[in-house]
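Scrolling down, you'll hit the structures one after another.
The same subunit A turns up in both complexes below, where it pairs with subunit B and then with subunit C.
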Partner chain A sequence: MEFRKMTACRAAEAVNNGETTACQLIKEILERCNVLNGKLNTFIKIAGPEALEQAAAVDKQVKSGQKLPLAGVPVAVKDDLCCRDLPTSFGSPAFKNFISPYGAAAVEKLTDAGAVVIGKTNLDDMGIGSTTTSSPAGPALNPWAPDRVAGSAGAAAVAAAQCLIFLESDSGGALRQGASHCGVIGLRPTMGRVSRYGLHTFASSFGQIGITASSTDDILAALEVISGFDARDASTALYREKSAEKNAAVEPEIIKIGYPTAIIALLAPDHRNLMERAREDIEASGFQLTDFKLDLLAEALRAYYIIAFAETSSNLSRFDGIRFGMADYAENLDELYYKSRRLTFGQEASRRSIFGTFILSQGNYDRYYRQALKIWTLVRREFTAVLDQCDLLLMPAVRTLPQLVTEQIDFCRLYEEDLFCAPVSLAGLPSLCLPVGEVDQLPVGLQLVGRPFSEEMLIGAASRIIPEIKFPPNVIC
Partner chain B sequence: MEYEVVIGLEVHVELLTKSKLFCCCPNRFVAEPNINTCPGCLGFPGVLPQLNSEAVRHALTASLALNCEIALYSYFDRKNYFYPDIPKGYQLSQFFVPIGSKGFLIIEDDNGKPKTVRIGRVHMEEDAGKLVHAISGNTSLVDYNRAGVPLIEIVTEPDLRSPGESRRYLEQLKGILQYTRVSDCKMEEGSLRCDANVSLRPMGCPDLGSKTELKNMNSFKAVEKSLEHEIKRQRDILRSGKEVITQTLRWDEGSQATIVMRGKLQAHDYRCFTDPELAPIELTEEDVEKARAALPEMADVRAARYVNEYDLPEYDAGVLTSSHGLADYFESCLELYNNPKVTSNWIIGEFTAQLNSTGLEPDQCSFQPKDLVELLLMIDQKLISGKIAKDVLAKAFQRGTSPRLVVEEEGLLQISDQSELEKVIVKVISENPDSVENYRGGKAKSLGFLVGQVMKETEGKANPRLVNELLLKIIGS
Partner chain C sequence: MIIIKEIQEALGKAIRAIKIEVTTREQEQLSGELSCFLQWLEPLLAVDTADADQILISHGAVNVLREDKAHSGDLVDLKKAAPNFDEDFYQVPPIIE
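The block that comes next holds the complex of A and B.
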């Protein structure tokens, strides 16, 4: 099999009509995956025996005449999504041996559709961050430039064809920035479209499960499988109500895409040029273009972080050493908390917990948290107003190229990287990151942002814009 | 100086629901620890809360029964603090917007006059687990069976002015919550818990004095006693010119005294913020009106109806309506048997005696209304005497069989056969010539003795009225 040009849809077709078997497919990709992992460090765990067992079950179903939409498709899962019977580390040494007794809803829907989980991918400590530099396993490397980080290990895995579909969380932009850095397509759906049951998220208001793949068809196929109401996630009730508003086929002529002339000025020249070229390409594809501006981006970024810090301090409280987290001998309860949380939390998790605790404390709640909530409302309004004028918004996804592995970057500067992604999370809108070109021979993507539950339109539009997906030239395999 | 007592009560009540507040675990007491638990109520990462709508209905019912205004839009907030009995590191509670507010209850004050006690708020929250401290050694264990059990907290304004008023408030509250079947309110089992805030102020002073908080009172009597104790303590302090220290005290049943629990009333900073994982609770006017219409008749209304409709003495009406179950039992009997006073006598007397000795509730015992009615009909039909009926009731209750079966098995049918009774009477007369003489000599009492002898001979089965009649006829002739 030539995985470099393989799509998930094509693979499923081949398995369904007997050209190959899931076992064959999985066996081959596991070999490839293992070899490349030595170079890229994308996987924390490659679940060979388990994947082959799953593949055999898929083959059995196919043999019995069933057509599975993702038959035999090798899928990778970020390690903050729980998989039944596979360890889930959350990127923390404290969870080295944690095997959850439940599987994430989205993962189980994928496997029910015939997909095979081949492993869990690398991530930042407690899933916090979009560089993987704080991972206990060391950073995942970019297949385009191994001296740089991938941002998202799974995006790198998709780019290097270690898997065909990757399921991961996105809060402030990890999924979208990873897709941009690795030259693949990443979709962050609207909150409520996909059940988050089984996703450990540090910020419940923003943590959402998305899909990364190398073709829009694959994104759509996976989205159809994983979306829908789930009683175990209250947010999915929204989608059930609104599911009737599905978008019809995408005709460029009737779609108005907003272009953020004012925002472009914030970009470095290379990135600005890329954005302008993309504008021309989009116009050439027949879409209508119109100008839009967002005045609250900087405020939105700060509001996002304030709320995310607050939620982090609360969401991570359960790792107190009593049931979870590394327990240590202690003379009394306070000492137990102190010791075990010190051992369990990495630097960023500690930092955000402390910030969040401060933000929510008496007096500070009004000063910071309540203000952030107000900005949240204003940002939502601003996006809604803009999306009254346009169907889709074109926005940058990243400000810079992926950092060098050796680079030490101040945490505030890392937060600033989320300037274009975090506000979209705050607004609760769906966003798709698509590759549009290169800067210094490294891929760069842009975001298409839509109205709530307009994922089909995003995917449809992206399919008309995306040039041929390039394969990283350095990956020889 | 004369002081005015100011008391406010905080009552926690466990709701009678099938499952816990945010997961599907059963809400019922089991002795074995950590049996009623799941990843949800154990705070496993990635599991989201699912709100139990039955609990919301109960909270709504209770709020309406307590004359509260209903918040059509409310939600749950996180109260963040560390303690091993809260698995998530926070307790979900309606901190900002309670479902019910501005309610009231009317009680009797110490002079027997009606008095309004304002209820500030009724809100839902989840219960914590239980810590079990090892008798020897320095370990503590946690039992999470109770974690996530739905509670409502009912908080009064500082309107109570004496321990007696406080007790009457609690009794009234308990009656209402039992009547509406919101809770079983068993204080000894912890399904009703009460904390009291108490302070003294000079008569006529509008400002509140420094208060203390009383905890660990396991019965209404204990509440009354601990308040009396605390009021005396505070009064002594004030009279000696010192100041009352704001602190939390624990009532010690053994020594019948309050003991300081926490040196100072710790101003806990719970860092509350609205839970981002649950959807808000949205009620419609229609929901509220439906719940209002479904409110059962309250005890006082019901008692008044018994007096008016059934001509029962107030005492009977009061006792029968003191528990929902007993009143329901009474009314079920009346559907089959139209003699309210006789029914009431038997329920208040023998039936209640059996309930008390077995500790069962009316709907838990096998002696159902149809059984009591069967018994009463047998008395009416002169098949058994009232005296024997008492015995039959006890046996039927304890054996779980019908009264008729007891009567048949034990051969207790009343002898109403005239010729059979005449034989016995003749025998008794011949054996007691003195009594016969005494009677004829004017001692009416002697007749009673002779009746007694006949009853004895027949093992109580003779129809006493018939015996009387026949004796008079025979002696008189």
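The block that comes next holds the complex of A and C.
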């Protein structure tokens, strides 16, 4: 089977039509996964027997006459999403052997549609970050340049055809930046479109589950499966109310895309040139382009970090060694908390928890946190105003190429990498990262940002813009 | 601008509040990092937010009422999720002297 040329939709068709079986497909991709994992470090856990058991169940359903939309499709899941019968580590050694008693809603919907979970992918300490450099398992490597990080291990897995669909969380841009760095497509849906039940998120206001794949058809197919109301996640009630609204058909001539001329000036020359070439290509595809500007981008990034830190300090406080987290024997309760959190958190999780507590403390709450909440309002107003004038916005996804594995980057500079993604998360808008070209022979993607619940328009527009997806030439198996 | 000594004191308070074990050396490093972080945040403080209300709910407010019924779960699954298990009980460190 040539996985590099296969889409998830085609794989499901082949299984449903009896051209192949789910077992055959999964067996072959597991072999590929195991070989490539030694080179890329994309998976923390490859689910051999469990995946084959799932595949056999899918074959049984297909044999009984059922047509499953994702029959036999190999799916990878970031290790901050709970799966039944597979360990979920959240990127912490404290959870190395934790097996969740329930599965994340989005994962269960995919498996109900016939998809097979082939493994859990590498991630940063407690899922915090977009490089995987703080992972206890070491960083996931970029299949285009193994001396660089992938950003997202699952995006690397899609690019290396270790899986056909990847389910991942995105708060400040991990999914979108990873898709950009690895040359694949990543969709962060509107908050409320997909249930987050079973997702461990450090920042509840921003953590969302998205999809990475190598074709827009696959993104759409997976989105249709995982979307919908879930009583266990109240945010999805909003989608239940909005879902009756139909998206406009994607006819380029009637779609106006905003182009951020002022923002482009912030980019390095190579990235700026790529953005300008993309503008020409998009215009050539028939879309109307018009300038837009966002005045509060840098402030939005800072507001995002203040709120995310505050939420981290609250969300991670439950890892106290009693209810959750690694328990260490101690003389008294305080000592137990101190020791357990030391064992559970890495450097970044500790830093964010401590700084978040500082931000929420007396005297700092009004100065930082309340100010950030007000800027959040202003940022939403700003995005709403530009989306009144445009149907979609074109924005960069990354500022630079993925960092070298050996590179040590100051943490504030690392936060600056989220300049184009975090404000979109703050605005609560859907965003799709699509590959548009290369800089120094490495893929670079751009974001299309839409109005709330306009994912179909984003996907439709992207399908008309994306050039043929390229795969990393060095990864052959 | 908050002076360094104030930052160190405030950081110490935050560490005691969140109860994370850090060494003296780590605390010194965190103090420097917090100072850098606060400097990085400066542009945010200059924004005029007089006409903006603070957002209290991130993504719309729709109340979802759930059935008031306990779901105890399967004992085998619950055991898998526990750090330690002793017969029918979760095993946690003793916290009462």
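The rule is simple: the second predicted complex is superposed on the first by the 476 of 477 C-alpha atoms of A that agree within 3 Å, B and C clash if a C-alpha of one lies under 4 Å from a C-alpha of the other, contacts with A are read in each partner's own complex, and residues count from 1 in each chain.
Operating definition for what follows: a residue touches a chain if its C-beta (ideal position, glycine included) is under 8 Å from a C-beta of that chain, and two chains touch if they have at least 3 such contacts.
Fair warning: this is a prediction, and the values are worked out from it, not measured in the lab.
Q: May I ask you to decide whether A:F90 touches subunit B, subunit C, both, or neither, giving the answer as first, second, both or neither?
A: first
Q: First (subunit B), second (subunit C), both or neither: which does A:R380 touch?
A: Only subunit C is touched by A:R380; subunit B is not.
Q: Quick check for you: in the superposed arrangement, does A:L296 touch first (subunit B), second (subunit C), both or neither?
A: second
Q: Touching A:T400, do we find subunit B (first), subunit C (second), both, or neither?
A: Once the two structures are laid over each other on A, A:T400 reaches no partner at all.
Q: Touching A:N273, do we find subunit B (first), subunit C (second), both, or neither?
A: A:N273 contacts neither subunit B nor subunit C.
Q: In this superposed model, does subunit C or subunit B come into contact with more residues of subunit A?
A: C
Q: Is A:D328 touching anything from subunit B or subunit C once the two structures are fitted on A? First, second, both or neither.
A: A:D328 contacts subunit C only, not subunit B.
Q: May I ask you to decide whether A:I354 touches subunit B, subunit C, both, or neither, giving the answer as first, second, both or neither?
A: Once the two structures are laid over each other on A, A:I354 reaches subunit C alone.
Q: Under the stated touch criterion, which partner chain does A:Y365 make contact with: subunit B (first), subunit C (second), both, or neither?
A: Once the two structures are laid over each other on A, A:Y365 reaches subunit B alone.
Q: For A:S235, decide between first (touching subunit B), second (touching subunit C), both and neither.
A: Touch status of A:S235: both partners.
Q: Can you give me the overlap between the subunit B contact set and the subunit C contact set on subunit A?
A: Common to the two interfaces on subunit A: residues 100-102, 204-205, 231-232, 234-235, 237, 313, 317, 322, 333, 337, 357, 361.
Q: Please give the residue numbers of subunit B that touch subunit A in the complex, ascending.
A: 39, 42-51, 78, 80, 82-84, 87-90, 142, 269, 271-273, 275-279
Q: Across the complex, what residues on subunit A touch subunit B?
A: Answer in residue numbers: 80-82, 90, 100-102, 104, 196-201, 203-205, 231-235, 237, 310-311, 313-314, 316-320, 322-324, 333, 337, 357, 360-362, 365, 369.
Q: Can you name the residues of subunit C that touch subunit A in the complex?
A: Touch list, subunit C to subunit A: 10-11, 13-15, 17-22, 30, 33-34, 36-37, 40-41, 43-45, 47, 49, 52-56, 58-60, 62-64, 66, 73-74, 77-78, 80-81, 83-84, 92-93, 95, 97.
Q: How about subunit A: which of its residues touch subunit C in the complex?
A: Checking each residue of subunit A against subunit C gives 84, 98-102, 191-192, 204-206, 231-232, 234-235, 237-238, 241, 296, 298-299, 302-303, 305-306, 313, 317, 321-322, 326-330, 332-334, 336-339, 341-342, 345, 350-351, 353-355, 357-358, 361, 363-364, 367-368, 370-378, 380-381, 410-412, 415, 428.
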